[in-house]
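Per-chain numbering from 1; labels A, B, C and D assigned in written order.
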Amino acid sequence: MKGRWAELRVGVVGAGGMGSRHARNLLGRGAAVVAVADSDPERARSLAEACGGARTYEDGAELVRDPDVEAVVVASPDPTHARYVLACLQAEKPVFCEKPLATTVQDAEEVVRRELACGRRLVQVGFQRRYDPEFRALRRAVEEGLVGRPVLFRAWHRNARAAHGPPGSNEAVIVNSAIHDLDELRWLAGAEVEVVHAVVGRSVDPSLGEGILDLQVMQLGLTGGALALVELNLSAGYGYEVGVEVVGDQGSLSAGLPSGVVARREGRCGVSVPGDWLARFEDAYAAEVASWVDTLRSGGPPWPHAWDGYAALVAARACAHALRTGGAVRLTAENPPPLYAA
Amino acid sequence: MKGRWAELRVGVVGAGGMGSRHARNLLGRGAAVVAVADSDPERARSLAEACGGARTYEDGAELVRDPDVEAVVVASPDPTHARYVLACLQAEKPVFCEKPLATTVQDAEEVVRRELACGRRLVQVGFQRRYDPEFRALRRAVEEGLVGRPVLFRAWHRNARAAHGPPGSNEAVIVNSAIHDLDELRWLAGAEVEVVHAVVGRSVDPSLGEGILDLQVMQLGLTGGALALVELNLSAGYGYEVGVEVVGDQGSLSAGLPSGVVARREGRCGVSVPGDWLARFEDAYAAEVASWVDTLRSGGPPWPHAWDGYAALVAARACAHALRTGGAVRLTAENPPPLYAA
Amino acid sequence: MKGRWAELRVGVVGAGGMGSRHARNLLGRGAAVVAVADSDPERARSLAEACGGARTYEDGAELVRDPDVEAVVVASPDPTHARYVLACLQAEKPVFCEKPLATTVQDAEEVVRRELACGRRLVQVGFQRRYDPEFRALRRAVEEGLVGRPVLFRAWHRNARAAHGPPGSNEAVIVNSAIHDLDELRWLAGAEVEVVHAVVGRSVDPSLGEGILDLQVMQLGLTGGALALVELNLSAGYGYEVGVEVVGDQGSLSAGLPSGVVARREGRCGVSVPGDWLARFEDAYAAEVASWVDTLRSGGPPWPHAWDGYAALVAARACAHALRTGGAVRLTAENPPPLYAA
Amino acid sequence: MKGRWAELRVGVVGAGGMGSRHARNLLGRGAAVVAVADSDPERARSLAEACGGARTYEDGAELVRDPDVEAVVVASPDPTHARYVLACLQAEKPVFCEKPLATTVQDAEEVVRRELACGRRLVQVGFQRRYDPEFRALRRAVEEGLVGRPVLFRAWHRNARAAHGPPGSNEAVIVNSAIHDLDELRWLAGAEVEVVHAVVGRSVDPSLGEGILDLQVMQLGLTGGALALVELNLSAGYGYEVGVEVVGDQGSLSAGLPSGVVARREGRCGVSVPGDWLARFEDAYAAEVASWVDTLRSGGPPWPHAWDGYAALVAARACAHALRTGGAVRLTAENPPPLYAA
């Protein structure tokens, strides 16, 4: 506990849904949002007002250079993430970047390279599941050996419907959505994807267009020998659900199963399923930003870090390749630089 | 969302477990703890340091008068609550008071009377269940008519073991513990306890001393006609669990059933039960304080209010009477003054 | 295991829903239904044919005297039960009688008296819950001390709607429906109802007529000191549910919570609730009849026995009295005759 | 309902655990066990006595020829199944054969060929899951379209430990154990395995010997386009669990999740997991034999039939091939002969 807070002065790049959410969570944590950037000036103005009168920019890079901005949140469209993160690194300002860190492996590598050059961790990536209380409790239980040695990680990731209209490509499905699951596996297993045995998909919702595989099943092998299964389902119909089961040689642990108020009605007994990730991960989004603010205040390194963003993207690209070719893909082992030691 | 926070300067009376918790939650919300009072100077000093160097007092009344203290948290022993709350009312300072608001009906009445004289709501009572996300979701569902007209409220309240050693009396069991359940019923039903049909108890844990009824079952009737059942169990053995089921003419809703990570181990499949109320209501404690801080900043009235504290105590005393006499007790209807309209 | 079955030749009195069900279960167990009696000859004939050509009677007493009938099932209207059971006792034929054993305490006493005169147990009462696998598993766990010493039994009994139209009286609600719960408590606790602290009711479904208390809550004390709560609810709206929780000083055990196929649909995740007791207790009805057949073949005593039928009725009448008078009722202790020792 | 039973006279080949269980279930259904065969005369005699004095044989083929034996249960070691089934077909006697129907595809083909020559279905295969109430309820719900069009079938099959010591080979793991899951998929999906995308395994329990893959994960494609995942786990440690989730485009349905009495004890709330398949499928084993007896009495065709036994074995062999080679395997489409139409 620290008694008096030095008010953190944050700039937000991207005034859409996630940008607004992060801004609200920053205010709830006692930080100030002093600047907002968006290519749509109206949207920028609207969020800036809601934040109590922040400055506005059309170009996020200008916001980054604003000397009154101490730290930056990047919540702009995916392909622009790397650009703003690199600008922050150049200005040596801490940055919280929504996932994915970048859309190409090259860009992610460049971020890592520049951060290494800075010599300290300035980047946090928005893998909010790592801040979900139930996922964290599961990880703790795994670490305590509650179910022995983990041998199988099974993840499911279901959207009611493809959220932002038809995905542009099957690769985009993986890089935008499955990347969450790949990061989750890396985090829970403390291991890397070593081999992609098979990625198989099928079309579920015909309205998404021919060839779009909105259901994908991934079979992976992790370093250390554990197996992993991922079900990525953009068209589950019934609601949004994200969960994981870790099977060990002495039992299993599951997080993410639907819970909450139990209703008995109309011949059924059960619980609600959230409609989307905003409802499901509301607390986790608040917690990742709270952690970021606290980290900046305490001087500790932010987490998850740029290497996490990079490694998840590498795994995602390997899965995309396996889906395209119908074959297995083996990944090259890489050790993270010491800067990214836990 | 407000952009910039005026830092709220809070004094904490009582540096024990709950006082420390509230202090931590205040800091996490961006408020400052500028003073701490405790009859044990060492304990006061320790919390003051953890809060970044607050002033210390031995007497809470002095802390209340400290002009740098804008608002006060009362977390001292129960019998002293009313005294500090009245001091705050005299100083016209907002006060967050742990439950119970007072230990005698007369004192609670006095608090209400003085607050009415102030002409505005300055008191919030620490009925933290009203800030539990699941209880709130249940109440919303009841209000939306999801299960029709409520006809039965069933509450259970179980401690693993009597928390602070043997309760002093069976009446203390009700005033200290069951008061939470009575407030919960009032809140969920939007009704008052009208009649106590029967309160029956039995001794479960012999080590608590002869005549101590650590299990009590209460059968109540509420204004509007709904029935209510309360199980208060200080010696449930297995853990801490607090829940409620609302039965309507079209179904039922339950909150508080154990949930979280599902573990399959050693021939069993299930979830953990928290050990005590601190673990169970960790988020609710943070949320009630966050709401208090936000309310003070926005100028809105605090909630739950002094009348809630008073009315719950009246119901608790009626239950205690019924337990003692073995008969039914009918309560006199009272309408809250307009200051306490929702 | 016995190798060859002597085919048991059974007569069924009452060709309605329960009579037909028992007949089918008898056939499924390898017994023969050789006679059917019903005051409605058409209904008797229809069931007789379904049973492969049994004889028919209009008067159940005649059926009982049929020398080809070795054993009798009584599933006629409640007020006639005692009459046919007494006829069986006179003929010294084993009889399976649907609950309640009788509708007056005098008649139930008379059955016990006559059976005692026979010197052996000939009567089994249709308290089918004792044959429900989950209730049995719960009882076993209680006996094994899994939750320590039981201190509270909480039973709930909910119908979607009053099943056969408006109940004739509030007393009938207890004698017809709550008698199941009272037997269940006696069985699970291995104890008798010692005191009825309070029975309180309220009208839920106005279409049942003024003054009909289709929701009743009972607060009981059992011999040995455990408390008990019963919720009897004829108008729960959502479906049929019967369950019990046994709270001990080291934990609790619950049976009867909705289970089965988990469906995720339309924003909900949950299980079905059966529509009525026929669906809920389908297996228990088959098992009680199978046990009866096996018992007759092996020469063992049937169970639950006439004393169970009598004692449950006595408790039901005490509850009805408490509901009527608004006060507590204390029961006189009675020890069952040695014939009814387990 | 048929009124009088013609007592069915059954011979049991194999007096071990499953043979004894089937015998007991036959007696419970009103059939007679008139002969028992086992290569161990002592074991045969013991079961024969328990069945009330059946004849005994050392050679199952002799039992099949016994003119007093109307129908045969084959529960001998797997490699002998086909031999006794073929003997029954030659004698034109109905036969209930434990899974697998045969251990080689050639033998299973031979059974089908001979049965086709008989012109009527005489063979039932012991895929008992098809008689599990919850699996059946799930299938019904799928057929009613409760979750739309099924797109993914996910099955899990977990033993606490390899049941009969180390499996002889990884292929045996599939043919003995996973064959249940493959039949289940065929039944639930109403489809055949069309392609085995990948079967990957790992060693969990080192005591089973090097190279034994006691955990296997199978990724399949079914005719009609649905995907399927199977987790076969011989060393799950915590107990025995078999379940399936069917994901459709409007939701999902799961059967087999642990259920039953809910115990709150020692900081946990949950249910028991059965120790093995005998406990888990006790009712299903009784039901498949009851159905067999009823079918023989009514003249209806037995089910699941020889083609089911054959097709499951073909799929199992394809999975074994995929595991061995590390690649995908595509199966040749076969239409079942009209004799095996539902």
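In the analysis below, contacts are C-beta pairs under 8 Å (C-beta built on N, C-alpha and C of every residue); 3 or more make two chains touch, one makes a residue touch a chain.
Computed from a prediction, not measured in an experiment: that's the story for all the values here.
Engineer: Once the contact rule is applied, which chains count as partners of both subunit A and subunit C?
Structural biologist: A chain counts here if it touches both subunit A and subunit C, which gives B, D.
Engineer: When every step has to jump to a touching chain, what is the lowest number of steps that links subunit B to subunit C?
Structural biologist: Each step joins two touching chains, and the minimum needed here is 1.
Engineer: Quick check: more C-beta contact pairs in A-D or A-B?
Structural biologist: A-B
Engineer: Measuring between mean CA coordinates, which chain is farthest from subunit B?
Structural biologist: So the farthest one, by centre of C-alpha atoms, is D.
Engineer: Just the number, please: Cα centre separation of subunit B and subunit D in whole Å.
Structural biologist: Roughly 57 Å separates the two chain centres.
Engineer: Would you mind pulling out the distance in Å between where the CA atoms of subunit A average out and where those of subunit B do?
Structural biologist: Each chain reduced to its C-alpha mean, subunit A and subunit B end up 37 Å apart.
Engineer: Taking each chain's centre as the mean of its CA atoms, how far is subunit A from subunit D in angstrom?
Structural biologist: Centre-to-centre distance between subunit A and subunit D: 44 Å.
Engineer: Subunit D: which residues touch two or more other chains?
Structural biologist: 147, 236-238, 250-252, 257, 263-266 - these are the residues of subunit D that touch more than one other chain.
Engineer: Can you check the complex and tell me which residues of subunit B touch subunit A?
Structural biologist: 1-5, 7, 23-24, 27-30, 32-33, 50-54, 134, 137-138, 141, 146-147, 250-255, 257, 259-266, 290
Engineer: Name, in rising order, each residue of subunit D that touches subunit B in their complex.
Structural biologist: 236-239, 241, 257-258, 263-273, 275
Engineer: Can you name the residues of subunit B that touch subunit C in the complex?
Structural biologist: Residues in contact with subunit C: 147-148, 151-152, 154, 197-198, 200, 202, 204-205, 215, 217, 219, 221, 225-227, 229, 231, 233, 235-238, 247-252, 326, 328.
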